[in-house]
Each structure stands twice: as structure tokens, then as C-alpha cells.
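Before we start, here is the structure in question, set down as C-alpha cells.
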């Protein structure tokens, strides 16, 4: 295992960040993903509920909410709950061609029950494969139209001989509820930072499990901080219907309080980092994301998508009238890597280092938000730093970088530049300015400006 | 004849645009230009009047207005009317060197009468030629200072032998009026789109006749539309004094109502398209012009001038205090092509395809303006398109472009982005979004926001 | 002597600028610098006072102000006054190793008195040199901590043999005052243009004397102008404590009146021009500086620093809450050239042409500010220039640049574009537009818009 040295711990002595050892967190996150991998999740049902209960072991303050089937949520309605017990196809010789117990991807998610003997010709429309990826099982869903189907490698499909097949799905779709989890970590301010991740995909690793396990580590880290400026609200929910349902119940409070947030998904592999902006594109979330990427991944070492490339819950969070400041920090983005929505997006695709880097990146983005105070100098003109021991008493040809940083922070602490914009001007990580602002505040030279 | 396939008809099934067959329109426009070509137009007088009467045959609602000589128009005064009957120079041997009946360019436009016998030396200051274009007759005017003169090819001028010449111009400059034509096509809104073209040049094809004949085709097309959102106001007038006179009579109504407009000139040859912005540079006319150019000519396949390169009636329309949103869509711009203001700017320079392409371009710019509604979604979050049959019920790895366009229109239908800005973001022609907005509006998912 | 032809006199016939012969001014400035060079200046004391008295010979309206030691100035306090009479080190053989009478850089500026015999080892901490510049004496100061020291070439330091040395500094640091000079040249407006330059360095030429001598020439030129729109306020003061003291006494009036200003320093050598913006970066001072640089030095023929590179009194003038519009126009900037703060920054480094070019550049920047009127046309549409003899009466294929400039000034004289922005659009020096605006104003076609 190489390249593990991505943790914030190794890069800074900043008090709050030092509580996070991203390397250790990455390993824990991988272990949790491995544990959750076999569960057959969907947008409702036992697998989703089981996953949330397991997450609650890590996050004791996680509350689990049930929204009954039939509940209207803006333009949507919570669907009936899906239960799946068994599913397989038996070939003409009685052998099982595909079996849900081998992979929960084998059944079209939300399939209605079936138990029928069909000719290959009649079975064929119910079979899904990817001709250009003959070894992969595709991930297919049919949440809102009753149908049944199986997914299988194309090479298996092609090997099927004519004859009679038995298709058996022991499932049910009936009134129940949609389940989601919520964690709220209070801060000194009622203003909130919002994290959203989804838990509705079956055995898929980068595009799904990486999100909840990284979010879990981030929340554990946040919960250990000696102080939090912002209140943190995190949700673990089914994609689309889950975020729509959550918004329909919490829109006013979210609109009133959320200053920034991230949709956490596709954060598990080892490939390039990527960023997808909020619809607005210039929110605090976007600024913090780009700042973290520049100083974590390196300028131009990451991919930038546009909001036109969106595809996850930012579709709801950033929709007109909702307009929350939610951006996405990812590794390989959904829809953009070959293994996406296939059985190849598995535990081999995500890595401890991949998860660890994403945890560190997200922690830095959150730290940027936490750090983003607006200051004003308390004296007109430059203060006389020398008599406070902050400036060399001997004037020579050169100056020190640390003194220069103090002077630059003072020069822009005008009550309108926030610390993030000052850090951008200085091309320094905002978390590295903390020692300067602390020092100046200690000497009474900087005052915080109340912003909200 | 090649490359005729430029018509909007061939490119889109949009209801309103499909009524225009640009190829046919280009042929009709050329025929009309040919018919109008021999008439000796000026900023006043019989040729101008005759031209407007001929245009009224095509445009029955065209009204013809007379502004009496001496009428003050802002800083200007309508000049006396010019009448020209005959003009020639006879050489020492009695032969006619130049004759107005051969080309109306031979006489300096607005020449006062003369009938004199002069030596070549005395005649010489009254002769105009272009040494570097020895075969071309230049176009010269003297509207506001009484003088007389002849224009002739430089090689003819150089061949003149010493001797006695008779210069005869049978003209008069006396009280009369300035004539202009006006067409108003009412729309559902009193807000107006304004078109201006000039009809004061004698036998000149690209820099002049192309303008009125293209404007005529555009107005005929507009008059056949099943509905028009905007009221269209078009004027056919003499350049400068005509637009100044028109503005002095209509400034308040124009300032109150005009949302966009174009000065239509130099739209007849087959060369590269060009664009000259309004003074403001960012008006709806500019945005529509650039949008039409990108999708008609292709991005960077056209020339962009600045307002500093202006030279036609936008000088008045965009002057301080007038400030109308008027841009220019052209082919070879006045002053920028070798044949400009010479006898070489003739019926060989303009072509049916040249005119046809300009008609299609202008029609697209106007369609962009007509299409430019501001929408707002009627539901919070994304609507559930699936239950309306607008979204695939089977979730797989890929999506369709058409569905993507629906989603993108919804994502930006926030009551502040107009459809033109959404089309620019999606890099699609705004007229191609009509089917998406119609579909969404039919399903009650989009509402028009009243903008003015 | 080459390249002397930089004077404004040679480049324009503009009435106000023609009073400045930059070549002659550069020669005078050099002569004055030579005269002031030997004086031992500091942030207080006799040398500073002597320098100001000499400047008053050139600038009779210069007033000299004394601020008593101990006076609080924002976060600072005026220090005791430094007097230096004699300073030297005698070597073991009684010979003088370094002597203040050879160079006033030899003593650490503001050294407290000492008269001691020390071993080389004990003396060593009091000796300052630059190992990488073995021939240069460094310039070292210790204004706010009592210490004594000597500065000497590194090669001399290295040649010192063990033994007993006598260090003698006959100085005193005791209550007195800080001295500064101020010139106010009234204009027709109470709005002010502010110039600041510092006079606290001992024998240093580019980084110091160039500033006061150039400022002196500029003030002499300004005082001879037949009319001044703005009131000019210029100060000659010690850096940092002087500008802090001046601001503490004059902040309200400066904030109310100053529309633009320049910190005048490092304007004496022959190398590339440079520009350091105000903190705001877009003030009238910045715009005028960039305009002057483009048309004096040539676009991209000068260096642009950022406000992060600041280091002189703009640190105070642009500090939060002070926020004056002060930029810097320089040659080789402090801290950026090898001779900086050493004995090599001497009269060989600065030149008559270097000073002359800077004088011309600064005069152009000030002329840009003086010229920067906002005009509005007095008529709607273009005026009929022809009947005023301002437009050719014969219409042909080409136009004149001068007429074009008239038309362009009219086109943008809309009461919101100031003349500097019009000049930028036309890519012409704003001072070259004066003949056009004068001509149009004479004909009653332009009116000044009152801006403040």
C-alpha cells in the first residue's frame, strides 16, 4: 500500500484538523464499506433500514425516520416498499443460471414477483446485459413502473440455449415506508453546513458505499472537535425520492440556515479528484471546494464538471426555489468511469487510500468553511507590530514570510473580505492563516465582524 | 447554383420558422433588387419615392410619409428635394464622355444644375475617379453643399485630351420633401422589434438594395406567422437624415417599446457574415444576433466589428439619449470590401444564395427574440417526469439527450434566466428548445414569467 | 547621453503639458539629488530638517511641520529625535576602519551612543555586512529598539584581525520632533490629488532621493499651469511613522477630498517602469497610472506588481478604514533590484534620463486625471457637423481620423463614460482628445457633467 500519506494530520499543526488522521479514517471507512457491501439496498425496504442501523453503531446520534408510502412530497409520492427474498432463473436442465444470492445486482431493483416458465424468446425481454462489457452485471432499476427482470453478464446471456426457463422472483411491493437517517451536530451558530449521501444502491462500491462511509468518518471527526462554529446536519437517504422527501419536510429550515453543503458520493477510488459546482456556482460550498482541491490535490490536478453534468441529489438541492448552496467533491464521477453501475464497481475499485484522500479533502473543505471569518482591524493604519514583538526591530533588506502574512491579513481585514478570499489572494491554505489570525486577535488587532 | 440549402425550412421543424423557405425568399429578393437597381435614388426625390411605391406592392401595409423641406429634426433640417433629369459631359469632338443615362453613378448625387463649356483644366476639379480602381465609377455625394460634379472610371479620365468640354446637368434642388416608408405588424405585445433599412443610394447592390429586399422578405414572412409575440416596426428611409427625421418624430414611442432591432444593410453578397454591436453591446439584439450567427454561420465563422466601426443608422439609433438596442447583421460590411461605393457593387456582387443566407440568419435572430421567454418551474424539486411519460421508467447506465434537455430547461427555469441564456448554457439553438418548453408547459410544469 | 527625448514637450501640443520640458526637468532633478545626497537623513533630526529647508528653496509654498516626540498617532507614538555627530571604529593599530564621515551608511541609523573598547569577538554582533555583496555597505536601521551598530563592506569585515577595537558613536536620542513638509496648490475644485514622497533615508539615490526630486519638479510644473482643476497636496515626510502621523492629523480632509494620488519613490534609474496598484486596484489613480504607462512606456513594456508586493507608504494610505486611492508609478521597485538598501544605490544608479522619464510619466498620469471630465452631448442623434465645418461636405469612400475621433467622442459622451474610459476605448491618450473635446465644446455640442 503506497501513497497513504494523505492525512491532514501529516500536513498541518492546526488544532482542529490535527484530530483527524485521514489514513486511519480511510482504513476504517474501507472496513465499513466491506461490511455493508453485501446488503441489498433499494430506495425503501429492509436493506436500507439494515444499513442505517449499522451506521447508527458508528454514529450514536443518528436518528432514523420513516416516511409512509403514499406520502406526497412536492411533485412526488413515496412509493410502496419493496421486499425481496429470493430470485433466480433455472435453465432447461434445472440448473440456476443466475441467482440473487450470488449478487443482488442479478435482479432488477424493485422487481415485482414472478414465478413462470417461459421460452427463451419470452424470457429475453426481461434480461439485461451490457454487450460491450460481457463480464459485467449491469445495475438496473424500475422503481415507478411494475416490471420484473434479471441482469446478467452478456457472455452468460449469449450462452443460453433455447428451451424452457423458470423465472422466479419472490418479492413484494406493498405499503410500508421510506427510511432515512439524520445526524445533527450542534455548533455555536444555528447556521448549518449540510452533508447528504445516499444509501439506496445494492452492492456498488464507488458509486454508493464510498459516500456513506466517508460521511460517517467525517461526522465522527466533526463530533470530536473541541468547538464547532457551524451546526452540521447530515442525511443518509435514498437518492432522488429521499432528498425530495427530506426537502419537502425541511425546506424552510434548510433555506434559513444552510450556508454551505456537499453531496457526498463517488469518493472511494484512487483516481483523479473531481468537482461539480452548485447551480449558482459561486456559493461558499463552491469556494471552499475549489480551495480545498487546490491545496489538497493541487491546482489543475482535478477535473471540473459543470452543473449540466449533474446527476445526484444536487438536482433537488439546487433546483429553482430550493437553491441550497450544495456542491460535490468526488473522485471518479458517476457516469464517467467504465465500471459505473455494473458489478465491476466493487470492493476492488475502492481503496483505503482513495477513501482516505477523500476524507482529507472533505475535511479541508469543511475546515475552510469553519475558518471563513470576516475580520476588521481595530486600529487605523498598520499597527506597530514591533512593540508587540511581532516585527523585527532591525530594519534590513529582507523580511520574513510569517511577518509578511501577518501584514497581509491586516491589510485585507477590512470587514468585507472574508478569510477565504484573503487566503485566495495570498495563495495560502486558509487553515494556515489560523495562527496569524489567532496571534493578531490575541493582541487585540483583529475583531470578528458579525456576518450572520 | 450551389449551396442553396441554407433555408430554415431545411433545418428545423419549428412551427413558426417552417413557414420560411429561405431559398425561395432569396430568389425573390434578388429579382426585386434587379428591378430596383436602375432607379436613381437619393435622400429625397422621385427615385426614392418610386422605390417605396414598388416596395408597397410587396408590402401592402407599408405607409409612405413625407417630411417637408425645412423641417427641423434635432440638430438637422430636412434639405430641399433633388430632381435630376439628365446629365452628361460632351468632349471636344461632341461625343458624350459620360452620360447619366448609362449609370446614375456618373453624376455627383445632389449636383446642382450646370450647363457650361469649360477647358479640361477647369472641368478637372469637378471630375471624381479612383486611381487605384481604374475601371470603377465612384459613388460621390454632396447633399449639404451646393456643387456639381461627375464620376467616371479613372482610365476614362486619363484618356481625356485637352480641349473644350460641355458639362450639362439638368437638375433642380428646391423645396419638396423627404420620403420614407413604414410598416407596422401588430403582435400580442405592444413591445416592438424594430427593423431599419435605407433606400437612398442609386445603383448600388450590396450596400443598399440588399437591405430593403431582405427586409421586405422578412416582413412578408413575419406577416404570415400564425402569431407574433412582438409588434414589428420596419422603416425604409434615407440614411442619416432619414433616421434622424424618423427619430425626431417617434423617439418617445421607440424608447418606450423597442426591445431589440436590427439595421439591415450589406446583406447581399456571398462572403463571410459579420456583426456590429449596438453601442451598449449587450442588448437583446446583440444576444440574439450572436446566437443566430453561432448556430447559422458557426462559431467563429463570422467577423465581429466593434461599435467604433459603425457607419450606418446605428449612429443615430444608438446615440446618447436615444440608446435603442439596435445591432447589425451583415455580410460584407460597408467600407470593408473593395467594391464598396463604386459601380462594382452591382448585381453581380450580390447573389440569391447570399440574400437567402442573410434572410435565414435574420429570421433566426428574430425567432430567438420571439422565443426568449422567461419561465419558472411550477413545482419545487424536479417534477416526477416518469409518471407523465417524459422519463424512462427503466433506470440504466445512460440517458437520452432529449430527456436531458427537459431536465436542463427545468433546472434553469428559475424566473431569472431567460430562454436565450439557457440555450447559450446548453449550447443549443433557442428555437430547438421550443419543443421542450411546449411539452413542459403542456404538462403544467413551466409557467411564463411576465417580464414586460 | 541617449534617449533623452522622453519629454512630454516633444510628444504633444496639448496646452498644459507643453509647459513641461521633461528633459530639462530631469537634469534639474539630478542636480538637486546630487546636492541632497551627502545629508544624513533619518525619520527625525537635523538631516531631515535640512533636506526640507533645501526643498523649500525650490518650492516656496512648502510649509514645514514639527510633531513633538511622544505624540500618539493611531497605534504609534512619535519617537525621540536622533542626533548623530560622529561615528567610527578604530582598529588595534589605531587606524579608522569605518568612519561615518566617509559614508553615513556606516552607522546603523538611530544608533544610540557608544564609546567602548572591545575585542573583535565582542564587536562582531554590532557589525552588519552582506556576504554576497562584499563591496557594498548595507543600510540598516533600528528606530524602535535602542542598539548601536556599524555597517561595512563584507570584505572589510573579513579582513579584521583579532585585537582590541574602539567603537565610538557620538549620537543622542532625546525628545524633539518629527518633521515633514507640505505643499498645497489650490485648484478650481476642492477635490484633491495627493502626492507623497519620503525623505528619511541617508545617502540612497533611487530608493529615496529620486522621489523627492521628481516630486519637486512635478510640483514646480503644476504651479506654472494656467489653470488646475484639482487642488494638489504633496507631502515630504519620513516613511511609515511620517505617513501615519500625517494621516492621524489629516484623515478626514484626505478622505473627503482626495480623488487620486501617487506615492513617489524609486523613480530615478534607467530601467523598466513599474506599477503597484492601490489596495482597491481600480481607483482613478490606478486607471490614470495604467493609461500613462501604456502611452508613455508602451503596453506591456512595464512591470505590474500586486498590492501584496507593497512596501512603502501605500501600506498606510490604503489600509482598511483609510482607503485612499493611492497607486505607485516607479522605475526599479524597492526590494527588487540588487543595489537596493546598499551603498550601491548611489548617484551612479540614477540618471537624468531616468528621472526625466519618470517626471514625464507622472505628468501624464496627472494630466489624465485633470482631463478626465464626464461629458454629455447637447443634441439628440449625431449633430450635423458639416454645417459647422467639422465634417467633409463631399461624401466619398473614406473618412479622416480626426473626424472619426470627433464622432467617437460624441458617440460615448453619454454622461456616464468619463473621458479616460473613452480614451481607453479609442486606444488614444486622453490628452490627445483635448483638441476634440475643446472643439466640440466650443460649438456647444458637449457639456460637462458635474461629477463632484
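Order as written gives the chain letters A, B and C; numbering starts at 1 within each chain.
Note that contacts are C-beta pairs under 8 Å (C-beta built on N, C-alpha and C of every residue); 3 or more make two chains touch, one makes a residue touch a chain.
Every value quoted in this text rests on a predicted model; they were computed, and no experiment measured them.
Matching CA atoms, the turn from subunit A to subunit C amounts to 120°, rounded to the nearest 5. Residues touching across the subunit B-subunit C interface largely differ between the two copies, under half of the numbers being common to both.
Each chain gets a centre from the mean of its Cα atoms; for subunit B and subunit C, those two points are 55 Å apart. Shared interface positions of subunit B, i.e. residues touching 2 or more other chains, are not present.
Subunit B meets subunit C in the complex at residues 73-76, 108-109, 128, 130, 138-145, 147, 240, 243-244, 247-248, 251, 279, 307-308, 310, 315-316, 318-323, 335, 340-342. Subunit C makes touch with subunit B in their complex at residues 376-377, 379-384, 386-387, 393-397, 407-408, 410-415, 425-426.
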